[in-house]
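Structures are listed in the sections that come next.
Both complexes below contain chain A, partnered by chain B and then by chain C.
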Partner chain A sequence: MKTKIIRILIIGFGNIGGGVAEVISRKKENIAKKQGLVLKIVGIADLKGVIINKNGLSEEDIRKFKTGEKIEKTRDLNIIKEIEHEVMVEATPTNIENGEPGLTHIIAALESNRHVVTSNKGPLALEYKRLMDLAAERGKEIRFGATVGGSLPIISLVKDNLASNGIISIKGILNGTCNYILTRMAEQGLPYEHVLKEAQELGIAESDPSKDVEGIDTAVKLVILANSVFDRDVSYKDVQITGIKDITSEALEMADEAGYAIKLLGEVNKGGCLKVAPRLVPKDNPLNVRGTLNVVTIKTDLAGNITILGKGAGPIETASAILSDILGIYKHNNENDFII
Partner chain B sequence: MKTKIIRILIIGFGNIGGGVAEVISRKKENIAKKQGLVLKIVGIADLKGVIINKNGLSEEDIRKFKTGEKIEKTRDLNIIKEIEHEVMVEATPTNIENGEPGLTHIIAALESNRHVVTSNKGPLALEYKRLMDLAAERGKEIRFGATVGGSLPIISLVKDNLASNGIISIKGILNGTCNYILTRMAEQGLPYEHVLKEAQELGIAESDPSKDVEGIDTAVKLVILANSVFDRDVSYKDVQITGIKDITSEALEMADEAGYAIKLLGEVNKGGCLKVAPRLVPKDNPLNVRGTLNVVTIKTDLAGNITILGKGAGPIETASAILSDILGIYKHNNENDFII
Partner chain C sequence: MKISLDIELKDIPGQLILALKPISDFGGNIKTVLHQRDKKTPSGRIPVQIVFEIEESKLARLVERLKEGDVNVARVGKERLKESMVVLLIGHIVHTDIGDTINSVDSTGFAEVVELSLSMPGIEKKSSALFTLSAIAKEELKKALDILKEIAKKKGILVISSI
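Coming up: the complex of A and B.
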């Protein structure tokens, strides 16, 4: 048996990019043993600069790049084109205005005939169809399981495991920050501002929390589901959005007395629905999950309602989704493509 | 593009086998359009007899076979060998004593170089390793998503979507009948015998409910998870089993007052654990689902805990899992294998 190799280039080396390097380090031995597949990180680039080794970076090199002790070049995105690799991991931050710099990176990778795995929601929420068309033209894949639900394999669950089903709708909680705030407000009777501050101190909310609490992050994820699962062609601007800032503890208490929780739900279906808003959820409904958990209920025509829940965020959790996508690309393509 | 064809032979034409014919009828046009894949049922066999058409049975023929109006031959299992097909669907009832007749059918199919998709738990709970070895030897697949959790894609979720993760344990409710009984007892304060009778009248429990209420059905599913997910080599006899017959409404009430529900849980892990027993579940734990729902929590090393829940049974739900497995075989194998 010839050894198969996937050479990986990581663009963007913050929490998620770093998480990808860490999970590859933890898992590569096992993957080599079980699947005869060698994973090599051949390059990393971020705002600081670039580090490259076409035979695979050592863990020491990666550590030193992270701390800034060893940086080979200034930032040079020609490496996407120039350094040979099979999969580019795009892990720069989401930019919902114009998708950059992720959009440029993904296009460069596809045009250089690389597969792409990304956690970056911006390019997919803005230019989904263009990117898919380009990938198809090049015979390459873009996988993006990490963009929706973090570690929850929502997209592959729907597309692969429930392949026989027609999907009627997907509804759920796709933002852990909002869910944390609403859960704490409801359980402790605390006001919004107080809980937001607490969440910021815990690192659950960002210093500028607007993308989360205004429902924008949920809307972006919903757009990715709409385009990838429902074959719609929508962008972020098509979503009807209401955030959680106006929810009072009195509203939560009133809902509680009537047997409901208030949750920020995203909902998308095959037809017109594309909506983010606070909604009443019966307490015994599976969508009523607490804390920072994410959850979706997938309504299908044959299998009924299927609900999946778990941690929606976290660098290692998100990186695990990226690694699953890398392995999915290997499994789904001719393995001879990976003999170098 | 050449048309790909999957010819299907269905063995066992009760609720599930009939459900498979129905979901294929409902979905085949869409699958042909979307994937360029033609699904043809070329034969059906059950205790009544056999009906065959190598060009594909008409819906009228299938309907008439079901009502007994049209049966071509007496029962003749040589058709597994003789009639050309790509996938045999084994949907005869589970027999936990010796796995028959399913075991013989599956072996015959593999030896005739057919892929196998089955909802029959017996052969897998008794002879897992033997069947997998035979399939590997023939370069064919056995898929059995329908055996555990019905419509819930537990096995493929773990093996495909969470591929990057090490699986630490799987714990959950795998029998809807027991869950219905315990839920009703708890919510209405009714005694076991009363609720069992009610469940039998509703068709939720069988006239002989022993396999369900004694935990045997859960144990068999657990064995399939142990062997397929955890690479263990265990059989039904290795499971430590306690059923629900001795649960009193008083026990449920006491648990309720302390913030718990009592649920019949199956639990399996990489090491020694292989256990079915009534357990206390905190009311706000995702495993606390009501009615006939099934649920499992998959504990992973990277993605944390992932919980999936939905309808565990029902002919159409189970048939949808079988059809997803058929489509999975197509996707996972060289599509040129399906040009006839």
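Coming up: the complex of A and C.
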């Protein structure tokens, strides 16, 4: 088998960036053997600085970068242009006001003829069309499976495996924090505030939980699905959003007695529907999943309903989606990228 | 008495009036007319469902009159609500006049609130109400839910509907 080297630059080295380095380290031998792709991380950058080795960073280098022992204190993003690489992984924090800094990173990468794989929702939710157009113009790919549902392969399932189908709607739970809170409230009869605090202590909810509990995070993911799966041209402001803060344990109990769970669902179709709201889900419906799990039901015209569930977040789970996207780029084409 | 009448009309102009005129002649108060153009009968007629209020004593004569006037009467019955969904309200439901909230749906003539149960944990606390919202057809059910949502929004009540 011909061996091909894929050089990767990681921008943003927190949970997810670190997770990507970890899964590459775990899987690279296997990938080289099975797919003939040699993955090399040639650079990492975060707010603290950068580390670069054009022949590939060793695991020791990466560890030292993480601990701060070996770091070049520069924040010069020219590295995206100057360091030769094939795929830029963008994993900086999501910003839904203006998409930055991710938006600038992604544009710089595409303009420098790199493929882009990202878990960062902001740029996709705000500038989907512009980024797709730029990628097409450059003959490069931008893949973003990790932005929606973490490990769940929603976008690749729809685009690849379900390619023969028209997609009628997608509906599901896209925020593990809300699902955890509602599940605990329902099962233990505990009030919202109490469970929220518990979730924060467990690291399931952030110290500022508003993006999750107000339904904003779900809305942003829904926008990405609307634009990518349904070819709509919508932004976060077009979503009708209701969060979970007003749900009481009494209401959950009442729903339970009537055979329902309350879940925060996002729902999008090719027509006008684009909304996030708590809904009554019959207990025997596949969307009724517990804890931090995410789940979506994809309604198709040929295959009927298809439901997938799994972990919607977590460094390794999300990194698995990023790695799958990297490999996906090299599955069919892009021969001319390779260095032999 | 509220009556739901299923009739079948020929697919030519001017047929609906054949059915509506007798109803009003007998003092009936028409609430809704559902013209189901997309659901033709095997004989090519168009099913129409009419919901109206009428004095019970006049109903039999009305049906006679309709039949004389070339209207196929398929079914006469107390109004039947075919579509339904479960709805949960959370908020200060009682203090914001639950009667008025329910009435906003019931007064449509095509939908109503049934099997309501209430949970009121305490005076200052938010209460919850769970009920079934029923309507004569899917579209009407959606309309009723929208009406409910609008009035609930004004009253600061959260509406959670079933999928």
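FYI, the second predicted complex is superposed on the first by the 334 of 340 C-alpha atoms of A that agree within 3 Å, B and C clash if a C-alpha of one lies under 4 Å from a C-alpha of the other, contacts with A are read in each partner's own complex, and residues count from 1 in each chain.
Following the convention adopted for this analysis, contacts are C-beta pairs under 8 Å (C-beta built on N, C-alpha and C of every residue); 3 or more make two chains touch, one makes a residue touch a chain.
As the structure is a prediction and not an experimental result, all values here were calculated from the model.
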Quiz item: Counting only touches as set out at the top, which of chain B and chain C does A:L152 meet: first, second, both, neither?
Solution: first
Quiz item: Can A:V289 be said to touch chain B (first), chain C (second), both, or neither?
Solution: first
Quiz item: Is A:G49 in contact with chain B, with chain C, with both, or with neither (first, second, both, neither)?
Solution: neither
Quiz item: By residue count, is chain A touched more by chain B or by chain C?
Solution: B
Practice problem: State whether A:P93 touches chain B only (first), chain C only (second), both chains, or neither. | Solution: neither
Quiz item: Which of the two partners, first being chain B and second being chain C, lies in contact with A:R279: first, second, both, or neither?
Solution: second
Quiz item: A:E253 contacts which: chain B (first), chain C (second), both, neither?
Solution: second
Self-check item: Residue ranges of chain B in contact with chain A within the complex
Solution: 23, 26-27, 30, 145, 151-153, 156-157, 160-166, 284, 286, 289-290, 300, 302-311, 314, 316-317, 319-321, 323-324, 326-328, 331-332
Practice problem: Sort out for me which residues of chain A touch chain C in the complex. | Solution: 171, 242, 246-248, 250-251, 253-255, 258, 260, 262, 265, 277-282, 285, 287
Self-check item: chain A-facing residues of chain C, complex
Solution: 86-88, 90-91, 117, 119, 121, 125-128, 130, 158, 160-163
